[in-house]
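Each of the next two complexes has chain A plus one more chain, namely chain B in the first and chain C in the second.
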Partner chain A sequence: MKRRINHDGPLFSLFALIAGLAIIVPLLFILRHLFEPSTDAWRHIRQIWLLAYIRNTSVMIFWTAFGTALIGTYAAVLTTRYTFFGVRVLSWMLVLPLAVPAYIAGYVYADMLSYTGTVTRFLRLVSLPQLLQPMTMAGAVFIFVFTLYPYVYLFVRAALKRQSAAYAESALTLGVGPFRAFFLVVLPLLRPALIGGVFLVVLETLNDYGLVAYFNIRVFSFAIFNAWFSFGEVVTAIRLSAVLLIMVFVILVLERVLRGHRRYTVHVKGRVIAARPLRGLARVVHPFCLWLILGFGFLFPTMQLMHYAVLTWRNTLNMTLFYNFMNTLTIALGSTALIVVIALMLANFGRFRPKGWKRAWLKATTLGYAIPGAVIAIAVNLFFITVDRQLYPLYRWLNPASPVLVLSMSLGMLVFAYILRFMAIGYNSIEAGYDKLGETFTEAAYTLNHRKLSTLLKIDVPLLKSSLFAAAVIVFIDVVKELPLTLILRPANYDTLASRIYEYASDEMIQDTGVASLILIMMSALLIYALSGPKKRGRSAHVRPY
Partner chain B sequence: MYVHIENLSFSYPKTPVLHQLTFTMQKGEILAIIGSSGSGKSTLLRTLSGLEMPACGRIHIAGETVCDTSRCTPADKREVGFVFQDYALFPHRTVAQNIAFGLHKTPRKARQARVDALLEMIAMTGFARRYPHQLSGGQQQRVALARALAPMPKMLLLDEPFSNIDTDLKHTIRLELASLLKKANMTSILVTHDEEDARMLADRVIVLEGGRIVHEERVVRTPRH
Partner chain C sequence: MRKLLVVALLITLGILLSGCRFGSENPEQVLTIYSERHYDTDRDIYALFEAETGIKVNLVRDSADPLITRLQNEGADSPADLLIIADVGRLHRAKTFGLLQPVASTVLHENIPENYRDDEGYWFGLTRRARVIVYHPARVNPSELSTYEALTDPVWANRVVTRTSTNIYNQSLMASFIALWGEEAAKDWAAGLVANFARNPQGNDRDQAKALLAGVADVAIMNTYYIGRMSVSSDPYEQEVAQTVGIFFPNQATTGTHVNISAAGITQHAPNKEAAIRFLEFLVSETAQRLYADANFEYPINPAVEPHELLTSWGAFKAQDLPLSSLGVHATQAMTLMDEVGWE
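On to the complex of A and B.
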């Protein structure tokens, strides 16, 4: 039997064990409460609403997946296989819609298309009717598609850039025309990338709460929040979460099945296909379509927000906003730092092709990303309340006047939930970096009498700099945009930009969201630029390297 | 002459690659082109197959001008088979589907018969449903060859066909390939940097250097007993 040398020091093994437990145990709390006796509210929901929730959620994720697959692939093919005026700028700008949270786009579009909105007023001016109804399922899908397509775009683009020209060329030499060659060879080889991107889109769609709540679309995250907040129904919220988790599980299995057993990554050396210039009418039509996509996902909402900001900055640009901004910045930086450090330790633990339990354990630590925020929020909340109850004697010993709930009233709970949810992003990015790096440098350091921690700090970290940077940027953006976790788990009187924007929108003060939304979007947009802007092309491949 | 290449030149922007190449081939002849990397061997194959457009020159294949100053037949209409250096077998298609790929205009029954015949020719009848990654290097090479031969091209181009094959297997596979090409009476150009490959397989060898033919010789083989 072949044996591998165990490179994992006890420190790293212990760390991985604790990190894994911290992530898995809260999720088990959902299971524990699942078997409590059912309530009238649950029976009512099961009989009247459950099917509607399942149907609405399925319709929403199906059309969003379809739309993002279409638009993401279209944009990726055009920007990698063709040259035209502005392609360099467009190819990174098309990622920018990732900076726009769906809920902000939702508020803006709903307002733009309302009776007094920009679009409707313009249409009235030119005597045209406004027939679009934004606050519907179709409207929500539209917004999801145009804010989430960059996931598919990035995945497919990276795959197209790697795909050897030899495949398409051999199809040509076998008498198959370029158009057929694209559909028979190029596109099927993109399938894993396409599915990977669409999978993330589906998870993001399931996670959303802000948009569906504002549009009043009865999907699972909306129902879980309602059960929890409006009715105080813990059991109902947990049962709904369990149904949602079953849906997530089906999607996970579907993803595996769709990828199939075929191998798509047979290594073929040689050039990638050189980009060709667009000719004729295509030179105008395709760039126009790409700018329109960018417009819907980023430019139009941002321009409208700028208009709001001009109208309302005197009232909204104040110290409260500054505190919200500082809260966002500190909690995002703190969580990002923690996630990157833990992810680095875990990735280091799992880098020598882990098998068996070790592999499963590491996979489990990255489960959080597949679990919608509403579910994580409930799991973490229940977990912290239980921990608080267990620790109450200790609290009382330290401070006789201590309340029962200490940890679950602190910011620690929110940071913990961010770590649980976004660990996968940090881990996968760093793991991809380790894969690229190989094992030789680290093994060379071991043979030169460096210990594991010293090798990690002196060799791995400097060499993984760009992966670590990518991981940090993506996690930071996600934390800044995150809404459901923040809403449920933030301590009293603690607001971030996201929760402030949500509150303005809930009070129908959409124009007041302008300044806060712009700050949030610009923070993320600048980081996206730093990650995949024109001069940092090498890093763009790290964006969500699942 | 079955193949006639006349004053063929090719250049990438600012880098000339092929200079006024002229040579001819007879039907069924196997020509080996050897040269160091950067000598223009692979570019020559790409130009002949229609994957690259020459700067000037003329290419006649099987009595037809496929490229001259006024027009160039595109790769998908040129009927020139190509075996790529890494074989470029489509990883999402089975062996049979790979071989049948170029037979899309052939009726279903005839297509199946052709695939069966080719599988038999390469002695891989039992491998029809396998995927490329389930094959060894030598098997992949045979499938790539069968795929290229399936649409009955007018000529076959092979780019470094032994670069992925272990040295111990190379000898057997070389002999196998020579016999398959001869059996199919296929006019072929083989590009290699290994002189032994060239001498073992080809009827004639051309040495290319800096995009020019610097040497040409006919291979004299001693009959095997």
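On to the complex of A and C.
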């Protein structure tokens, strides 16, 4: 063991240390505000709003988690265990709602159901009243559920595909009905996947600002911005995000406690359950439900956006939009590449059963995902300004006329913030890939005296190809959709599709977001197609080790 | 795979190091503006300034508070020359934070009426927006309308809509009342208004106008600006909304209609103060003001420039006679009071 590590020096450890520091230090910049004395704004918020914030946030998280778990699992089970007309298309298309940012869906649904909206106008035409109130808690949960369920769907689907037929079949042989077998055997085994997916959903929900602000739903992310906006108080904003962090932590601990000492790792050696055809009425009902889910999450909003695009493309489809698109594409590709590479190094550091401080350190590097975007933005901005001031002598040496702020005026600051924010997604996907892979191949390479780096590049990377690609796709989509960081940290004269959409929307010109939104959604949709679209036979065979 | 990785890394590094941005170039004299305004009109005006002076305008755009925080963080090293915000209360806040510096310019003094610039010269108004009562003509006769205060009358129970209390336009409206009537009276007004709300506040200004046509409410408190924008919306149905509703300027016989301004201040550590003053003077010139008025449905700050004809068709109005810095002074208090009376 010792000798092996000396091959390239402590390559991965050193890397993990640096990456960890780069992520933790900026956060410390902001956390020290926690211990400053209370302000009037904090007292005011605590007296009037804090309970409401906690209640609303809990309600929103609960129903969103419940809804996505239900729909995600339902869709995953149907598309893996049954065959029916259109299942191949559906099974990848059901991931598409991931490409639709919740804030865009929010604007679109609110408009469709408003007085001038498509749905209301149609209902007026047929003399029916429009009774749906989109801008409510229920409306927000609806939108979160139908745009975020793909996280659960992806996780559960992958788990179902690996689940051996033996368990369910034993249950059936022992005389348990298929329904009970599902709830007693199949579902409990899905628990880690389900939790993993739902946890991502919860974090995304907690981090959304655009939708809850527009709908005026008093949840934490809204409160954090509001403390900052209305009271001009960064300290209160940070304090609120600390409360939020504690809530996230409690949820995590709760899950650990409920899980107890049970283990869920199942190694598939046996057959996977063969898909059966749907029969009778189910042949119609289930596919209809799935298309409806896809409709709510993707098809309907996209169709409405197309309508907007037709109305406004003359004004909005221009060179500026092309530059915005190129900016989005390059920064997303660059950030994604960096995140995947760093995550790969971190995952290597964390392989071979990390314990104690090693584990804690790895956890810390993925903290960014649980912290509200606005708070990360302030932290990163402060950090970069400090670094710039330290580096000023160097800048002056290179260029006597150099300003003090160089890095903090560059795109690097935004890329850094993306890395901090989305490291968890990249890391978790790659770690899961390594889990599936096991250690034998790498061990063998080390035994054969391969160096660490060449082992990583020649053995691990090819074996992990599909995990790396999956990680890259999800990170890319998240970067493309990201809003608060992009708005706060982008350099002068720099616009992305998301920031452009935000500007139109904040000027209440939802129709003008049409073209930009469609491009943004299509970029992500294409990647989703590449990731999970119908595969040529035999291609996956040499990718997967088993 | 290895090649792919190397290529990807090289591209990334290239982008990062060069700071390359699509659609930008490198000029000699640069003016850096931190602005909350993000309208195409503003961009056109800046382009005009660039063409006229050869000074390149660098624009950093975000909401007011992130920009203010950023200025604070950057301190003396900030590259910003000018801060432009669509709410005078925030500029006042920037002034009290010591982020701005006073400027004396006869051009600015001549083109901007006294009450629309800071008396110490820290900020200068660029455009004005009026917050008015919008009504549905089928259900409300304008003769029934008089003042903001009258909307708290039980006659209007379940008939009023407006945005949330987190919205800056409502906060500055409330702040103006605190300045005019004192805290108690302003709080009573807010409580009375909340009691008459037809629904929980939600959506943006356009949504309030739509609520009138949907029959949810009969009157809405909103900005004239958005009626103007809706009248040229790409959605023909929004145009219909703008054409249907009526505009009423409240408090004409008393304190005047509430007005907020977009304003600009030169930053404390502006590296290019000269150019910044020149730019400010340009923004209030008749050329630039004409563009603001015609394309963006805002009331020009320069009295020599007529508003857009749609705005003139609503008639002239008397604005609140109030030092606008009071909107900033009472901003936090306004927010607190609105929370206390349950204005969501």
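Just so it is clear, the second predicted complex is superposed on the first by the 460 of 546 C-alpha atoms of A that agree within 3 Å, B and C clash if a C-alpha of one lies under 4 Å from a C-alpha of the other, contacts with A are read in each partner's own complex, and residues count from 1 in each chain.
By definition in this document, contacts are C-beta pairs under 8 Å (C-beta built on N, C-alpha and C of every residue); 3 or more make two chains touch, one makes a residue touch a chain.
Please read all numbers here as calculations on a predicted model, not as lab measurements.
A.B. asks: According to the contact criterion defined above, which of chain B and chain C contacts more residues of chain A?
C.D. replies: Counting contacted residues of chain A, the larger count belongs to C.
A.B. asks: Using the touch definition from the top, say if A:Ile48 reaches chain B (first), chain C (second), both or neither.
C.D. replies: A:Ile48 sits against chain C, while chain B stays out of touch.
A.B. asks: May I ask you to decide whether A:Ala166 touches chain B, chain C, both, or neither, giving the answer as first, second, both or neither?
C.D. replies: It touches chain B, and chain C stays clear.
A.B. asks: On the A-aligned overlay, A:Arg88 touches which partner chain: chain B = first, chain C = second, or both, or neither?
C.D. replies: neither
A.B. asks: Return first, second, both or neither, reflecting whether A:Leu189 touches chain B, chain C, both chains, or no partner chain.
C.D. replies: After superposing on A, A:Leu189 lies in contact with chain B but is clear of chain C.
A.B. asks: Report for A:Leu174: first if it touches chain B alone, second if chain C alone, otherwise both or neither.
C.D. replies: Once the two structures are laid over each other on A, A:Leu174 reaches chain B alone.
A.B. asks: Report for A:Ala377: first if it touches chain B alone, second if chain C alone, otherwise both or neither.
C.D. replies: Only chain C is touched by A:Ala377; chain B is not.
A.B. asks: Once bound in the complex, which stretches of chain B touch chain A?
C.D. replies: 49-51, 74-82, 84-92, 101-102, 104-105, 131-133, 147-148, 150-151
A.B. asks: Quick check on the complex: what are the chain C residues that touch chain A?
C.D. replies: 1-2, 5, 8-9, 11-12, 15-16, 19, 21-24, 32, 38-39, 58-66, 68-70, 73-74, 77-79, 93, 164, 166, 168, 171, 200-207, 210-211, 213-214, 226, 229, 233-235, 237-238, 240-241, 271, 331-332, 335-336, 339-340, 344
A.B. asks: Hey, which residues of chain A end up touching chain C in the complex?
C.D. replies: For chain A paired with chain C, touching residues are 40-41, 44, 48-49, 110, 114-116, 120-121, 130, 135-136, 213-216, 218, 222, 226, 228-232, 234, 308, 311-312, 315, 319-320, 323, 326-327, 330-331, 333-334, 337-338, 341, 374, 377-378, 381-382, 385, 388-389, 403-405, 408-412, 415, 457, 461-462, 465, 487-488, 491-494, 503, 506-509, 511-512.
A.B. asks: In their shared complex, at which residues does chain A touch chain B?
C.D. replies: Touching chain B from chain A are residues 164, 166-167, 169-178, 180-181, 184-185, 188-189, 191, 262-270.
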